[in-house]
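Some structures to go through are shown next.
The same subunit A turns up in both complexes below, where it pairs with subunit B and then with subunit C.
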Partner chain A sequence: MMTFHVARRELRHYLRSPFAYLVGAAFLFIAGVFFGLILDNYIQLSSSAPMYGEQGLTITQGIIEPLSSTLGLILILFLPTLTMRVLAEEQRSGSMALLLSAPISSTEIVLGKWLGLMTFLLLLLMVGLGYVPLLLFIYGDAPLAPQLSALLGLVLLAGAGSAVGVMTSSLSDQQIVAAVLSWMILLGAWILSFLDSLEGPMGAIGAHIGLMIHYESFGQALIRSNDIAYFVLATSFSLFVAVQRVESNRWS
Partner chain B sequence: MLPSSQGPAAENNEYEMSTIQVEQLSRDYGPVRAVNSISFVVEEGEVLGFLGPNGAGKTTTMRMLTGSLGLSGGRIEIAGFDIARQSRKARQQIGYLPERPPLYPSMTVEDYLDFAARLRGVPPNRRAEAVTKSLVRTDLGTVRGRLIRHLSKGFKQRVGIAQALVHSPRVLILDEPTSGLDPAQVADIRELLGELKGEHTVVLSTHILSEVAATCDRVIIISQGHLIAAGTEADLRSTLTRSQRVELLLARPNSATGETLASLDGVIEVEERAGGSFLVTTQGGDVREALNAAASAFGLLESRPHGGLEELYLEALSQNAAGETER
Partner chain C sequence: MLFTIAARLLGAAGLLSIALFTTLYLFAAETPGLNWIALGAAIGLSSWVYLDWPLVSRLFGSRGGRSEASAWLLILMVAVIGALLLHLAEREPQRWDHSENQMHSLSEQGASIVKQLPDDLEFSLQAYFVTLGDRIQESQRQRFKSLTEATRALRPEFKVEFIDPETQPARASRDQISRNATVIITASSGDSGEPPRSERLSEPDESALVAALLRLSNAERSAVYVVSGHGELSLTETGPRSLAVLAGRLTELGFAVQELDTLRGGDIPKDARVVILAGPMIPLNEGEAGMLRRFVEAGGALLICAEPKLPGEGPERTGLTGLESILADWGMEALDNLILDEVMRRALGDATFPISERFALHEITRNLQLPLVLGTARSLRVLKQQGQQATQVEVLASTSEAAWGETDFNSEIYAVDETDDRGPVDLALLAVLPQNEAGLAGQVLLVGDRDWLSDGLITEFGNLDFAIRAVGHLARRDEVVGIAPRAKSQGHLTMSFLQELLAILTAVLLIPGALLLCSGMLWAWRRNL
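Here is the complex of A and B:
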């Protein structure tokens, strides 16, 4: 119940914050531009030559897959600007004292923060990307399953990304430090994916830790339990660290 | 009267126990001992003043009282609940105004108080009423819809107090409630504190003496993490002062007056001042009766103790400092 109260305040903060709308609008604008580019590219490819087998390039391969990975990258680029304030601001402004002295546990504080953030992100994705399936349904007979799979991937990525954001925000009372840390972790994990093509242990690191490796399959309409486990683990680990950090406030 | 460690028994005896019990409380920051084995109790409805210079350990102690800072040693019981072991229950009894009011600048006053009420576990059907009540008590009705960021410092402070009151807690912990305010605002807050007296058990900290005299029933003086004196203003006066000074205002002083007063038992110094005023320094027991009797021969108009809490406070601090160097 306490978690809900914290989440509710967090969501209301984002819904009333001009900055959150600015970030949201920029995210959606860039996503829209890429959607247009990918769509254009798909139309040209599929009309020029049927080089991808007899049926040509499918919507899943030609639109959903590239759109999904582009959206993923854009999301982790924007996410830290939204998450950086989550705990750092409370530390700096002194409002953390309100939470710490209230009958509420550190776990409830962190979970509430994360849930509020997630609700805002889900709203943003619903409102901002709703046109994608709509257009694909009207102008092509796009299958639903790959789109749902891609959406699941995006939601899992948002969950893990915002959990990392909550964690880094708990580590510093300076928002910019929190943001930079988030970028380093998220982009670092994304870039590690490119090691995948290498042989030996480096390749194994890329395959296991690489963020893109685990995220991509959702865009290919593949829902694999190890990918889901990856995101669930990353989310819970980050939130766990954040809880420990908030709890340590009681000791310093 | 040590509180028993058995939970149920302790709860049954709630009314015989003090609202706040602090035993041997200590707090270390790394190698530095910020609070050193402090013990005190606060009775139901009492206003306790926590007095000490900046950095004495007041804020640390108050944070520990509210459960927002862990203890290095000792124990705290709030309304019978151990702050470490029954933390949530203990914290439900508390309203806390930290040194910096814990505000969310982007919220309106009313939304903020609603959030505070939710956090403090006020049930949904009583929330609106609780918010309105605390708005009225702190005289914030006119700004209820304003964003906190647009409020003046005095108003922000009052929002901080409203937040601490919103769930009608049994215990109020106020850390420097009047610091940084202008005199009119200080008077406002003091008036509010006066109204809270009796309804809540209050612990407030300050480094301003007049505040203690104006609002507190009892005082604790701490310095460098040690409790150096405790009691009512009168208690402090009798335990701390080795010498007392009384100012006498006489209608018909003459050349023999000074000598007569100085010859009394216990009087060690008489200083004649302008306008029939004599400053008499005494030592030992209470010599006011003898002093007044002698002075009445010269037309005693007025007799009042010279020097207030300020002198006691400084004396306490210097005695403590002297003790430190002797050790």
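Here is the complex of A and C:
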């Protein structure tokens, strides 16, 4: 129960924070620009393809896949700005000591903060990007399953990314250090995907650890158990590290 | 001080080596030098413990330090367990393909064949793809990778290795790789002592891959003979009179394609499944015609491309194949005209390339996605036959009503008149003869053009697909050539300019603007608190 209490408190903080809205607006603006480009490109392509006797793209290939891929990258660029304060701010202001003295476990604190952040992110995605499925339904024949698959990928990525943010926020009391660490981990994991093209051990590492490799298949309407496992493990591990850090703060 | 820094650097190197060893051991166990990495980790960590003992004892000596150290140890253990779980998850992943065309899965037929491959055969695949190539090369690599993943989902023991011929030139040279996207599939039968068999694919799509697997699991190859000696399209020539592209594709699909000189007499070879007569310029003599008739009546299959006599050609060109009377017996006739197609005149500016508008519901044409396009073709006609033993003739492809068979080449303006064959005109006919005493029914596919089979035109529109399906059906190997990738359907999204503009404005300005407004209002509200 205490987890949900912390989550409610965290969510309330985000909903009353001008900075969170500012970050959300910037995220949705960039996402909107890319959506506009992708939509326009698809409409042009699909109208010209039959003239040349070519097979056009499906809505998954032409809109959902590129949009999902772009949203993933924008999300991991913006996430650290939202997550950097989660625990670092508490440590810096001294309110962490107060929190730790309350009858609440480290796990409940970390899980609560992560859940609050995730709820805010889901609200942001629903309100800010809800127009995409609406448009595809009203003006096109977009099937539901690929959109749900892309949404699942985005939620898993948001979960793992915010968990990494909570973890790095637990490692330092400086918000900027937490944000930089978070960017390094998330972008590093994203870039590792490019190693997949190489042969040998580097290629194998890229294929197994690369964030993009595991994320992009959701946008292609392909759900794989290993991709789900990757995100669940990354989220669990990050939250576990954060719990250990908070726990060690309790004893230090 | 330097001594302590060096010791801590050694310790950090040791920790990094442990992480590297674990990662490589799990995901790339064949990496050489893994033992050395483990040894380096052990030396680094023990040197740190020995040389930086004051810090180590402080870490593990105090209550806070012990807690800190045990927390990190726990984290390390959980990381290793997590990596192990990820490794297990990567071994045989489950896949759920929700795309519109099931584009990440094998077609039903392909999947059925892969599932039924013999268990005692081990398949390994070496895929030579340039890794840091241009966009098209990368797209080819990704498509094939997706195909192998779909195959491995059905047959996990299927071994796949991607090799870059540019970084491993010696290996590429040993396997005689001369072009990107070449795949070698090897089947070995374990303890049986038989040497491994291999197949090479240069157009590695689903149909080629599955057909190769099928061939490797049973070694029979179907013989296709191409008649030569009458100015036909040839296997040995290059350029627009060549059949090399078709022959190459058929070879990949498990056919043995070779030329046949019918002038030498005798009979068609016994192993022949299909004989192709690709547009003779000189008519076949009676002996040759008789040879082909006997072959078909014995249950064989014949593909005839009857090239028309074109305006301006000399008297030596008769436009005859020498098989006219036999074709008439089988209920078919190639008319003496030239098809002109208004559809193609409007689209390409040349009416002498007729395009099919209708396909019959037949094994050959069932899954075709693109039309058949001929070049300077003649129209065909089904002749009425009588009696119970009549040949069954089916129109496989015909043009739209905007095409006709022109017979008058003296007029300056070409238009359909009474002597012409009015559209829609027939482009391809399939005749199935009555069963003979052995229960076999010969088949004859007649097309009023030969250019569509040549290298110049075969890769245009659906020509290659039609050709390999036709040969596959005539050879009674539909299961090999009929493995088409899933049909693709195009998405549908219709928006007017205004609707599109409104959608983009909503996405770019309205929603972010609303959030920005919220941010400003909150900021002002908090400032006034």
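We adopt the following convention: the second predicted complex is superposed on the first by the 246 of 252 C-alpha atoms of A that agree within 3 Å, B and C clash if a C-alpha of one lies under 4 Å from a C-alpha of the other, contacts with A are read in each partner's own complex, and residues count from 1 in each chain.
The definition used in the following text is that a residue touches a chain if its C-beta (ideal position, glycine included) is under 8 Å from a C-beta of that chain, and two chains touch if they have at least 3 such contacts.
Since we're looking at a predicted model, the values are computed, not measured.
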Sticking to the clash and touch definitions up top, decide whether subunit B and subunit C on subunit A clash or fit. fit
Could you tell me if A:Tyr21 is touching subunit B, subunit C, both of them or neither one (first, second, both, neither)? second
With the two complexes superposed on chain A, say which partner A:Ile209 touches: subunit B (first), subunit C (second), both, or neither. second
Subunit B versus subunit C as contact partner of A:His5, first or second or both or neither: first
Which partner does A:Phe231 reach: the first (subunit B), the second (subunit C), both, or neither? neither
Between the centres of subunit B and subunit C, viewed from subunit A's Cα centre, what angle do you get? Round it to the nearest 10 degrees, please. 160
Touch test for A:Trp183: subunit B only (first), subunit C only (second), both, or neither? neither
Determine, for the superposed model, which of the two partners subunit B and subunit C contacts more residues of subunit A. C
Could you look at A:Trp114 and tell me whether it touches subunit B, subunit C, both or neither (first, second, both, neither)? neither
Who does A:Pro201 touch here: subunit B (first), subunit C (second), both, or neither? second
Touched partner set for A:Phe78, first subunit B, second subunit C, both or neither: neither
Three-chain overlay, closest Cα atoms of subunit B and subunit C, distance in Å: 5
What is the shared patch of subunit A, the residues that subunit B and subunit C both contact? 16-17, 251-252
For subunit A, which residues count as touching subunit C in their complex? 16-19, 21-22, 24-26, 28-29, 31-33, 35-36, 39-40, 42-43, 46, 49-50, 53, 55-63, 127-128, 131, 135-136, 139-143, 145-146, 148-149, 197-201, 203-205, 207-209, 220-227, 229-230, 233, 236-237, 240-241, 244-245, 247-248, 251-252
For a test of understanding, state which residues of subunit A touch subunit B in their complex under the given definition. 2, 5-6, 8-9, 12-13, 16-17, 93-105, 249-252
Which stretch or stretches of subunit B touch subunit A in the complex? 29, 63, 66-70, 87-89, 91-92, 94, 96, 98-107, 111, 115-116, 118-121, 163
Using the touch rule from the top, collect the residues of subunit C that touch subunit A in their complex. 23-24, 26-28, 31, 63-64, 67-68, 71-72, 74-75, 78-79, 82, 85-87, 89-90, 93-101, 103-104, 131-132, 138, 141, 162-164, 167-168, 369-371, 461, 488-495, 499-500, 503-504, 506-509, 511-513, 515-516, 518-520, 522-523, 526
